[in-house]
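Note that chain A is present in both complexes that follow, paired respectively with chain B and with chain C.
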Partner chain A sequence: MEMHRTSLPMGILVTLLFLFLLAPVLLVFPISFSGDQILAFPPSSWSLRWYSALASNTVMISAFSTSFVLAAIVTALSLLIAVPAAYAIVRLKTAGSEFLFNLFTAPLLLPTIVLGLAILIVFASIGLLATFHGLVIAHLVVTLPYALRVLAVSLGAANMACEEAASSLGAKPLTVFRRVTLPMMTPGIVAATALCFLVSFDEVVITLFLTGPRLTTLPVELFNHVERRADPLVASVSVLLIIVTLAVVLIVDRSMGLTKTFVEKK
Partner chain B sequence: MMHQKNFAAEASQGDPDAYLRLEGVSKTYGDFEAVRSLDLAIGKGELVALLGPSGCGKTTTLRMIAGLVPTSGGRITVGETDLTAVPPHGRDMGLVFQSYALFPHMTVARNVAFGLEMRSIPRGEIDRRVKEALAMVQLDKLAERRPRELSGGQQQRVALARALVVKPSILLLDEPLSNLDAKLRDEMRTQIRDIQQQVGITTVFVTHDQVEALSMCDRIVVMRNGRVEQIGTPVDVYERPATPFVASFVGRTIRLSGTANGDGAIDIGGDVIRSAAGLAPGPAEIMVRPHRIEVDWTGQAKTKDDVNRLSGVLCRITFVGDVIQYHVGIGDAEVIAEASTTGNQQLPAAGTPVTLSWRVEDTMAFGSGQ
Partner chain C sequence: MSVAATFASPSSKAPSTASLAVMLLLPIALVNAVGFIIPVLNLARMSFNEALPGGGIGEALTLANWQSLVSDGFYLGLVVNSIGVSLLITLITLVLSYPIALYLHRSSGRWRTFLTVLVISPLLTSAVVRTYGWIAILSDQGPVVQTIAALGFTPPRLMFNLTGVIVGLSEILMPYMILALLAGFGRLDPRVEEAARTLGATPFRTFARVILPLTLPGIALGCLLCFVLSISSFITPKLMGGGRVFLLATEIYDQAIVTLNWPLAATLSMLVLIIFGAALGAYSRVLRAID
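Right, the complex of A and B next:
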């Protein structure tokens, strides 16, 4: 990444802003090592008891694996749907593709709580409440707009002449897509994957309406736990959430470079 | 108008050797006619330019030949094969774009190999032909580089190698030099022409740059508003433009309006200008290339039969290094005459009465309606 020379006052301002944004998150780490019974800062003693409590908490563990598998499946499906959709909208420019694009990305504009309520009403009547595939469908409503938007931008930035050159060189449409279009979209695909995974992994609002005692996700379980008890277990769960998020971000950074993936579109 | 029709007819029927043939090809987008019933016949091994301002339909025509844009009407044939309905991947044409359009995720060698791979050619032969093609454009040393590590000129040479390595039946060049800087453009012009001659490939070259068209091509198709204005050799198009548009678009011209009196002479503010064109009486226009005009302020220029003369007043002189431009007022109009600089010239002052003269055969005259 290019380094810019920053003046001292600017440096201080940026540091303060970062602290302001991150302080609450950073606070979670010391609290997770608390030896106390209740959530408080600073802890009066230190221990790993809340990590071992987490390890033996079967509800949390199963919620974590539900969340993880859910996010993985939702991400895969989002890409499977959004890549062809982006292609159809950006490249084929069929009649009404503009309308389709707006329709598909509209959920981004709706209040999530309204979306959650609407999905609850629909799912209740067709028996999808508290089912895994119900969750997958609900999460897709949220992740697809992100995936579509990112992929459409990335495809729009790719030089269409490359695809035309490939077809003039004798490549059939599917070969052109596989050998030229898809590789040119790689940065977009990586970005979309990361976004979908993260959005699904910590989706709370909609999920809250759809989960039940038999099936719950980690963020929802965390929410429920805080409502019932104020012990530092939530801090250790939060650390787990942060680590998974960071891992995804790191993978993206290592494979593509974060700035390149999310900022520059080349 | 008469000229246009003649040229078009000549092109489509008069040439039995034509290899690439467009017959009545047109393209409409809604109400907009991008290309109107275009007839064109290009011989084997010929390099033909489609020249015109932006929006004249030249790129659309090229894209229809490549199959990237479906035609709205007409037929496109190569040899005996009708390609009108054949998709681009079945047309066997090499394309070079203004934006180079190299595959960014492949090395130079892989880029060039792409078309050969599509033809299921054995690996060994692919490697050999890729080497040959890269040697032809003098880039064999950069085979393992990525496109973004190359300069614009190098990228365009890779694109040329990639298009030619599959030995296509037609080479299509879409403004291939427009993204290059001036010096490189000159080099690439020569290089493209040399390679084209060496390979002997039938080539269509789209450009808005008259210098490229004049210097590189066997024939030029001048287009405007989706129509052909003139088809001819560079010398034809430059010396015998069929329309005022061609005269002013290809090369520079001065332009004067007058009245044709019906017997080959045109009256311009009292002076009589003769031309070879037999114009009907009525409003007319004459055009002359600035460097074909001689400026005389000594009053000693001899009157000759085959020379047109026009008197005016010198408005100002611009020194441009290689040439001197004389801005001369003739009635309400101002024209520019050009002469080579010779070193120790005595230049007249502004306001000096001057006589402009040029040969009758250098006079391009057009009647109204052209």
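Right, the complex of A and C next:
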């Protein structure tokens, strides 16, 4: 396309708006190197004291490892559950498969504050509050719709003729699935993995309803900390969170191209 | 591999398509039932249960919770306040997002990809982190207040009040608005703008008579999305409101966790869903009016 007449005022306006959009995330980095006792910007001095404070903060460290393990387990389970489901809905197309697809992705339409309360009340009566497996189930409720949607799109885009060719050449259904269908789904599986991990790792509202003093995740601990005292420690934890997110995004980008996953398939 | 196990389980015969589908869908159906359907139905029912003192819940069905929403001025104010604040946030977000979306729509190639990544990247960042960023910017030791003070003016209070909540939420919702606008900009062909210009329309006239009408579907979608997200958002109002801003979402949390009045929290949740339904109805009406 031609260099459209983007007038100077429009260019300046868009630049300012982008700065507004990115300011809160960008600001976290310099603040994490603050030497001050309290949150101030710009800081009066620079240091690594908040990183060493983070390294010796056992609550944050254990919350981080809980979040990481939780996200990994939730991601693995999401794929194990959503891959067969996507196959059944897209390929087998039994009666009511469209209804089922809408039903299984419906939790995304509900505000997390409502879903969190609803799950809290039921989990309280069956003893799943402040338990690790309770958190796994609650996170699956929000990761599965993403996984199902992404996998269904990638399965729908895959060419069925290859599968038909394989089975007409005598391959058993399971072999066809493993050797033909699954490889064709790889881009979708990579995208779903990244999405599930990030959604679970960042989930805060529902988790806030279900965690207790003995079991807490990093976003929840961060929320509790900000509510009590917004000091620069939060900035160093935030940098940690952003680095994990960036790492996941980079892995996806390396394996298949970021734009392909997040932009065009939207 | 569980996939393999599911496929191979019933003897050596190939299972019928229907029973295979049931097996493949069973796990997701279980999670959906335990974590979504049962909790939501239970929540709807609980809005008709009586709240007993000390967090107890009466078995008998009653309309008391719903009646207190109507008769208690506090809750009525809460609802009106929440809707008003959400509409204001939606409007601000639209004004801030529209130029970016228009610019993105007109750009192409690597530059467009790069800018799209910039728009999406805040979405991948936790709402807690972004709210903290706003606390840093708007607090009394932050750059905005310091600059205003250095210029010799009395700085306004930007934090722990509605101003902070509105600024923070508007920015946090911008990526959703931009993506929704872009999705609805399909009908905007640069050649149409070109034609308007060639025929002598001023830039303002081109915008008002050509660009704006063509992008109305995107505007409607973005506004629906932002309104719905804004009225149900909790993290930012809780952290930036400093306990002084009362909105539906924060009240649901307080009733559920602090006051332990689950029936009332359930009633307020149902009310949020009703407002969702109303917003969706308004949206489809607007869409029909545009076409």
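Observations, loosely collected:
Simple rule for what comes next: the second predicted complex is superposed on the first by the 244 of 266 C-alpha atoms of A that agree within 3 Å, B and C clash if a C-alpha of one lies under 4 Å from a C-alpha of the other, contacts with A are read in each partner's own complex, and residues count from 1 in each chain.
Note that in this section a contact is a pair of C-beta atoms (placed from the backbone, for glycine too) under 8 Å apart; a residue touches a chain by one contact, two chains touch by 3 or more.
What you are looking at is a predicted structure, and each value in this text was computed from that prediction instead of being measured.
Superposition of the two structures on chain A leaves chain B and chain C fitting side by side, clash-free. Comparing chain B with chain C, more residues of chain A are touched by C. In the superposed model, A:Arg254 makes contact with neither chain B nor chain C.
In the superposed model, A:Thr186 makes contact with chain B only, not with chain C. After overlaying the two complexes on the shared chain, residue contacts for A:Arg214 are found with neither chain B nor chain C. After overlaying the two complexes on the shared chain, residue contacts for A:Ala166 are found with chain B alone; chain C is out of touch. Of the two partner chains placed around the shared chain by superposition, neither chain B nor chain C is touched by A:His133.
By the touch criterion stated above, A:Leu103 is placed in contact with chain C alone, chain B being left untouched.
By the touch criterion stated above, A:Arg228 is placed in contact with neither chain B nor chain C. Chain B and chain C never share a C-alpha pair closer than 9 Å once the two structures are laid over each other.
On chain A, the patch touched by chain B and the patch touched by chain C overlap at residues 173. Touching chain C in their complex are the following residues of chain A: 1, 4, 6, 10, 13-14, 17-18, 20-28, 31, 38-42, 80-85, 87-89, 92, 94, 97, 100, 103-104, 106-107, 110-115, 117-122, 137-138, 140-141, 144, 148, 173-174, 177-178, 198, 202, 204-205, 208-209, 219, 222-223, 226-227, 230, 234-235, 238, 241-242, 245, 249, 258-259, 262-263, 266. Partner chain A is touched in their complex by these residues of chain B: 66-68, 87-95, 97, 99, 101-105, 114-115, 118-119, 159, 162-163, 166, 172. Only residues 2-4, 6-8, 14, 17-18, 20-21, 23-25, 27-29, 31-32, 34-36, 38-40, 42-43, 46, 96-97, 99-100, 103, 106-109, 113, 115-122, 124-137, 139, 141-143, 168, 171, 174-175, 179, 183, 190, 228, 232, 234-235, 238-239, 249, 252-253, 256-257, 262, 265-266, 269, 272-273, 276 of chain C touch chain A when the two sit together in their complex. Contact residues of chain A toward chain B in the complex are 159, 161-162, 164-173, 175-176, 179-180, 183-184, 186.
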